[in-house]
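Two complexes are shown next, each including chain A; its partner changes from chain B in the first to chain C in the second.
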Partner chain A sequence: MKTKIDLKNKYLPSEDVVARDVHGEFIIIPITSGIADSDDEIFSLNEFGRAIWEKLDGKRDLKGVASILSSRFVATAGEIENDVLGLVDELLKRKMVVKA
Partner chain B sequence: MADYLTQGLEGFSLSGEATVELMQAAFRKGACFRFQVKGYSMSPFIKDNDIITLAPIPFPGSGLGKTVACVLPANNKLLVHRIVGRKNGHYLIKGDNVAKADSLIPKEDILGYVTSIERGNKTIFFSLGLERLVIVFLSKNNLLPLFSSLWRIIPGPLRGFLKCKVIL
Partner chain C sequence: MQTGSYVTRIPTDKGSLWKNSKPLLVKLDIELTERCNNNCAHCCINLPLDNQEAAKNELSTAEIKNILKEAVSLGCVTVRFTGGEPLLKEDFEELYLFSRKLGLRVFIFTNATLITPHLVDLFCRIPPLERIEISVYGMKKSSYEGVSRVSGSFEAAWRGISLLAKRRVPFVVKGALLPANKDEIEKFEKWSATIPWMDKSPQYSMFFDLRCRRDSMDKNRQIKKLRLSAEDCLKILVRRKEYYIRVMQEFCAKFMHPSGDNLFSCGSGHGVCVDAYGKIQPCLALRHPDCVYDLKKVSLKEALINYFPKMREMKAENPDYLSRCAKCFLRGLCEQCPAKSWMEYGTLDTPVEYLCECAHAQARYLGLIEEEEKAWKVDNWKERIRRFCEKEAPYHENEN
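Here is the complex of A and B:
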């Protein structure tokens, strides 16, 4: 079933991930079947992705996240909103974030 | 969507320090941690580029013979070596393929213990039975490399039988 992502929704990082800044790289390792697999299932977020991740606190909706980022990144509000939706969709599919 | 999220690490590998940090974060959540090891100090049981899975402590039993991950206080280096002795609540750890034991490690510096080893596409059964005491004896006396050489000349069928029944 496809999950509908909406700018009015709020999300937060899943309890089932290990997320850390490692020497400037933002690393996420999902915990699947009780194992954090740093060999096959390790992900990194770029600067923009990390900025989104850090704003996903379960209190702020995605519109609010995009609004904050628009003051930091040079892009139109629409582009930023699309990128936020795109990344959160990807994170949701990989069970790295959950809906608040 | 642009590549805001990338699978794998492009252009860098995790340092020992970073591995420890991620491992500890996983253990705090009660999860096991799987990663690729480098080096030959635990050969023949763990070889360079094997992938091991570690479970958080406490481990069942005394710990003697178990292969554990710990950080050496002297140099902050991550080691995956075997417990070959105990003294005053500390563990003596040693690489099976290293002549000298590392040092006595406080119990709290043990991060986790190895539960499985993968080599190529095969998962190697990692014995946790009483035979580990034999392995401790061989390791302590630096006999494991010799044992490993002898192992190679044992005919295949007998080796298979021994693997199932005795050691690995």
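Here is the complex of A and C:
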């Protein structure tokens, strides 16, 4: 089933993963099966991905997330919104975030 | 702004996580218990299943959880549960879940006899993210139980392995080569090649350690009897001659040189091992009192920052060691280390004769030393290694 991502939607990290900052690397570790493609994978997010992840609190919509990030990253509002949508789409497909 | 995938997948190789420096602690070993439901004569650690004194002194669930939490705070990404038999620990499931929810990968060393459908369900639902590592002691009941010395253990182990295989829980197997099973090596390897997660040949224990707590002269005598001779070890190592020589050429080019009077040329002390009773050790085998710290007095962080680095600067003082091991270029082939010295002699720097014989047997086979020659007396070792590494394999005619 295709999920439509909208800037008005709110998301939060799934309880099926743990996010950790390990020595400067921001990693997401699956707790339950079905998140990784194989049984021994973990994942990492870059600085921008991490900034988005940390704003996904289930209370703020994606438009609000993008707005906060626009003060931190040098890019147009449209570019930031596209990246927020892109990342959340990927996280949602991997079941790492859930819709609030 | 972003091109390509937003999320980077990182497979098992944990080294790829960090480009330059690593966290203070990457991997933690915890011996959940020294008790085991098998009774292998070659084992360096096992205590009887019903040893109440040992069970009473083992770390509590809360204590282990605190250790795990501190390890995570230091950057640890993998915990290895070993033993004894770790699945014997009554709170294994709770500790497993706790570790996974902290974001740790869990590496389990087991004999598989206590794997149940319930545990397999758990591993399917919440995967360990590391392949379970199973010691297999024989391909038939007589050989397996000749090693494990427990009736019914063969069926139990194979039942556990089958449960994991049917539910596709990733596992790998390793062997221990003993008189009872050493003739089954081909059969074992043929079977192990059918296991989907075995990406290389199985590893074997054959240079068996003596009791690492130095707790029984009788058991040490038994272990010595079970050790294969240096010649038998060599036969096993060279059974795939071309492969062995190719690997050794690569290995020798990197790792063969005298280590001088530095005692610790291994990775010991870069990680942390916690024994079943809350003592911190630099490696699983090294329990010399000078190298072990009590978790009640010393934190993991203190051990890693203040104690283990100093320990790694320790120098050998034994004249025998200084005249032999310190000057021997077979260091890469030889398993001599402070832990082995401790187990054999109760010191950190005594040459272990058995390991010396095994290393010299390999070196003779590879043409690095002559018959009767002692490697620590060889001055032109660099030239010999260079010649060996440049030879085209196969080159040695003396294969028996």
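Note that in this section the second predicted complex is superposed on the first by the 93 of 100 C-alpha atoms of A that agree within 3 Å, B and C clash if a C-alpha of one lies under 4 Å from a C-alpha of the other, contacts with A are read in each partner's own complex, and residues count from 1 in each chain.
Basically, contacts are C-beta pairs under 8 Å (C-beta built on N, C-alpha and C of every residue); 3 or more make two chains touch, one makes a residue touch a chain.
Everything numeric here is computed off the predicted structure, so don't read it as measured data.
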Report task. Could you say whether A:A77 touches chain B, chain C, both of them, or neither, answering first, second, both or neither? Result -> neither
Requested in this report: Would you check which partner chain A:E25 touches, where first means chain B only, second means chain C only, and both and neither mean what they say?
Outcome: both
Query raised in the report: In the superposed view, which residues of chain A touch chain B and also chain C?
Result: 18, 20, 22-23, 25, 27-29, 31, 36-46, 48-49, 83, 86-87, 90-91, 94
Report task. Show which residues of chain C lie in contact with chain A when the two form their complex. Result -> 1-2, 5-12, 17-18, 21-23, 72, 75, 77, 100-105, 124-127, 129-131, 169-170
Report summary line: Note: in the complex, chain A contacts chain C through residues 18-20, 22-25, 27-33, 36-46, 48-49, 73, 75, 79-80, 82-83, 86-87, 90-91, 94, 96
Query - In the complex, chain A residues that touch chain B - result: 15-16, 18, 20, 22-23, 25, 27-29, 31, 34-46, 48-49, 52, 83, 86-87, 89-91, 94
Query raised in the report: Which residues of chain B touch chain A in the complex?
Result: 1-10, 12, 14-15, 18-19, 21-23, 25-26, 29-36, 51, 53
